[in-house]
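Below are two complexes that have chain A in common, paired first with chain B and then with chain C.
Now for the complex of A and B:
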């Protein structure tokens, strides 16, 4: 109880500020709880499991120290799978960027079908992976697939090709489907940025004597640089850990030629029932992705 | 020679006609301002000259050569945009050098040209900065620098000062006048600010509704406005326009009979309705005597003069400019008398033409701001 009205002391937060910060805590509490439950706990659990030899069905086993990690670094499977992951990521991401930027530039032009094309282009991205993969498997089928049929009709091949069952066709196939599925993300992000480039810059460049190609290099591309960096980093992280598309399309095969790290972890945990080893692989995978993530975080910090 | 001419140029956007038949002859080395309210077609005119828009019909020529089909980069013009349009990822130096690079000049030549432009515009310490790190006034100077280096035949400027604060704007006005004097190049300057047009231009194109209303010197535009629009647009406050009737040697408004010299006006001035135009500085405020009775509504003292708003019995408003410190109170009844030297008569139509014959009357006045 106060009888004399005084100004709140200026050293330290005022009662109002204190009640605001209490409210703030209250509001973020649910997020912190959920975040801990679905991210922090599994992360710590994986690290914990990785130093045990665990039989998946019973989830029991003994402490083995760094054995799983030694196996990972010396066994060869991890490294070949990492290489496969990198080939897949670089391959599909490059195509996503090339087609994504290309189509965004095209859609940015004033063409009559622009709005229709803009919604159509999103179709692969919104289509469920399972449905998309089923359609693609049918297209790729070596006996009755439309792709072989078409290629034979035009005369590019004489015999049906085994698309998903042999190498390097299987890798090319997953890379193509990955590019098809995810390039709309690039289109939309780039298109949004293109629309914010001031028209005056192009006009100034035209007056300065820049032709269409010079305008692309000197006006468009520099403006796209920051958005492209973010897209590439994000998509690299997402493609690196892609699971469902690859699992459904080839299951990692033929043999292990499209087995990326995600598939390796899955196989180790649920086919070979070696949960501890799987956990060690996933920790290794996380460390690789950490590099991308640090780059991404540094990049977004620079932006703001 | 870099004279610029528009011959019967029309421009429409779909159904909308932005410019009706436009005819302009701009002389070599002249500083011409395109002045008019927003949306009157100034930028469209300038952009057609730049090659960023194409005339629907008619010809545009620079230095006697029709440029209708010439790309902007080939017209030998430079343009300064209101937004400056600096390339954000390039340094100041690279921005200024860009047009030269596109012309194929070698680096040493480019550097030399950039150095000279930077010296002229006092940009030397900023050459390695990015546009984002500059103030508005500095960005403005970089945009000017980029225009300067290529030594174009014609400079085009679209409201280049309107993003600057008032103080910087008046400083840059002086700079631009000085620059024009030094370079002696043809400049076409778009503005909606009459102060800029009046102080900088050799001649002003007053535009309204897609038409040229008057193309003349600042003095003529102020003292001999071609029609009611120009009279009502130029001057702050603009010319008063009082509706009344011409009867012989008098202009009758309410019960007041203002004597006029019929021989000073065109023969088309006949007895009947007309509009009398009087600049505020020619409206005298008196306590009594002969004249037009009015009531004081507002007296604004700016320090060096007082702008008085007066109301006539029929509700019409008249502005007067009197000396600072003149004591006038709101509601006070006064008598207005008009100086015969400052009387203009216009046709009574909406944008009626001025009917004065302009036989030399001592009517050259200092332009007011």
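Now for the complex of A and C:
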């Protein structure tokens, strides 16, 4: 009986493996550095600032422990702004989905000037928010705005409506503008998915006697489910932290009726110069957003 | 004892080499030094209409011609946006060299936090005797120390009137009291024209105009000792008047700020207006058809025994303490008052920013402006009102400088009070109590 000599068992990685490992670390290092600089550092800085009472222009202050968080949880303004944020997010997101899916279905049909229409529909999304808000403020203007003028011309209203200065008009106004600005994102994503749905599914549905509505519910919508889930989660995150559109349209008013959490953080940090309290609010906001993010991450894992 | 055996000059080899190296460095030094001496001064201002920018360019060009190694870069900010921009600049240490046209109460807040360079040198360079009496007082927050000075005066709550509409309505004199104003706007409103463009938005204009309204009722926001005094009968009266005016304002006044209010009057959509003298140049440029039918007056008060109260934000010039090239910066700050450029700056919006130097106000070159000549009476009214003007940083001659005024205005707490009572119809007592508490918190924070 003979035995074949073998190498003694290795206790650690080979030189080649160690070399690959070092190379891997080297290659990933820039990403880690950038990620740390733009994500980890601001995050830790916000948490650090939130336990201090800090005057914004000097960034000097004193340690106050959990006082800022206690004020956040007991003060009421955080909760009312959170409610406003949720109303805005749900309202504008719902319209974005409805308009976006509707227009994507339309643009999926063989209509005249389809290519031109597909290009033009992206226009609001590419337009600068400042420009978009200026246009909409002009449209909403009570004295020379086209919207009031048009409604009065067709006899729907007798007097100009106060679109942005009273409730519920102000919230409806910002929700409408938000939906107009961001629905093209939904159109792009849904249209891309629509073009990949196999035609034979529709043929089978037709043979089974399904009409257009039944085909939409039984074929199109199930096929869109995965992409819609991702769109809803992404847009929910983006709408939740929307700042410029709301700030420029209403400034959070009337009173605080359209003051979302982003506007609250801004006001605390720069109007009241209370950077510590602003940081506490932003940490609170981040925790709420974490729910969306976890859902998104879980969803994308399932997809992969 | 060992004697050094070096050269007779006393220079050893090391010294010679060092000297050669120094000479070599010196040969290239002029260019480098020259390059180092080239400096850029950054100038921030929220006032940046095209005409004002043209005036600034003149001032910059004249200064750069005198100082060839200096470049001045103008950067815009805004009335609603300067607070965050300044906060970010101070926090980062990347501050502009000079800031103009911010309200005095903003400067006093920065001063109280040690962020502003004393301005005494600049005032000396300009010549303190040239300023109108009392112009610099509001900037003397600590005795003998000036945080800045005014680059102009303004009468922010001047009441503008359409004389043709007054005539049509049978109104023979400018309203002096609130009752007269309410009666006048009631008569003039109609035919697509509203009575007034008072602001009810959640912004600084609503806060500033309503602070004036409280004073026009005989009240105040802070007592002379800077105790919160807003919860008073006078504020209730002011809210009642302001609420009564709502029916005479356009529907969108609930979101009006400076630009909207100005445009409403200039466009001819309202019979009265409330703004500085910028109305004059805008009417001439944008709606000359009403140019012969406008006049102005101080805003009415609750009764004739209450003196008018004009909101003058004392548009400032100040230098952040962390600014670089301090000597050049101070020279430029003083140069802003050089007659040629200063007069062009004032002419950029005649009557909007009024001169603070008596030598300029009497200068024929200043008086030669066609708008100032056409509206001499109106400019005189605004000049007199602004000279007796106040703001939240200094509510009366008896008041101490209020270094928290900027934060009170920027917090929007006063505008919110107006909206809660007038738009939301909330209980006045509760809102006033809440407002007083919030102002107290800001004042003590």
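Convention: the second predicted complex is superposed on the first by the 280 of 304 C-alpha atoms of A that agree within 3 Å, B and C clash if a C-alpha of one lies under 4 Å from a C-alpha of the other, contacts with A are read in each partner's own complex, and residues count from 1 in each chain.
By our rule, a contact is a pair of C-beta atoms (placed from the backbone, for glycine too) under 8 Å apart; a residue touches a chain by one contact, two chains touch by 3 or more.
Model, not experiment: these values are computed from the prediction.
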Overlay on chain A: chain C relative to chain B, clash or fit: fit
Included angle at chain A between vectors to chain C and chain B, based on C-alpha centres and rounded to the nearest 10 degrees: 150
Which superposed partner A:244 touches (first chain B, second chain C, both, neither): neither
Which superposed partner A:219 touches (first chain B, second chain C, both, neither): first
Per-residue contact with chain A, leading partner among chain C and chain B: C
Which superposed partner A:200 touches (first chain B, second chain C, both, neither): first
Chain B versus chain C as contact partner of A:210, first or second or both or neither: first
Shortest span in Å between Cα atoms of chain B and of chain C, once chain A is used as the common reference: 51
Set of chain A residues, in rising order, touched by both chain B and chain C: none
Chain A - residues contacting chain C, complex: 55-59, 140-144, 159-166, 170, 250-256, 266-267, 269-274
Residue ranges of chain A in contact with chain B within the complex: 198, 200-201, 203-211, 214, 218-219, 222-223, 225
Residue numbers on chain B that touch chain A, as the complex places them: 50-52, 71-74, 77-79, 81, 83, 85, 87-89, 98-99, 102-103, 146, 150
Chain C residues within the chain A interface of the complex: 80, 83-84, 86-88, 90-91, 110, 113-115, 200-203, 250-256, 264, 267, 269, 407, 410-412, 415-416, 419-420, 423-424, 442, 445
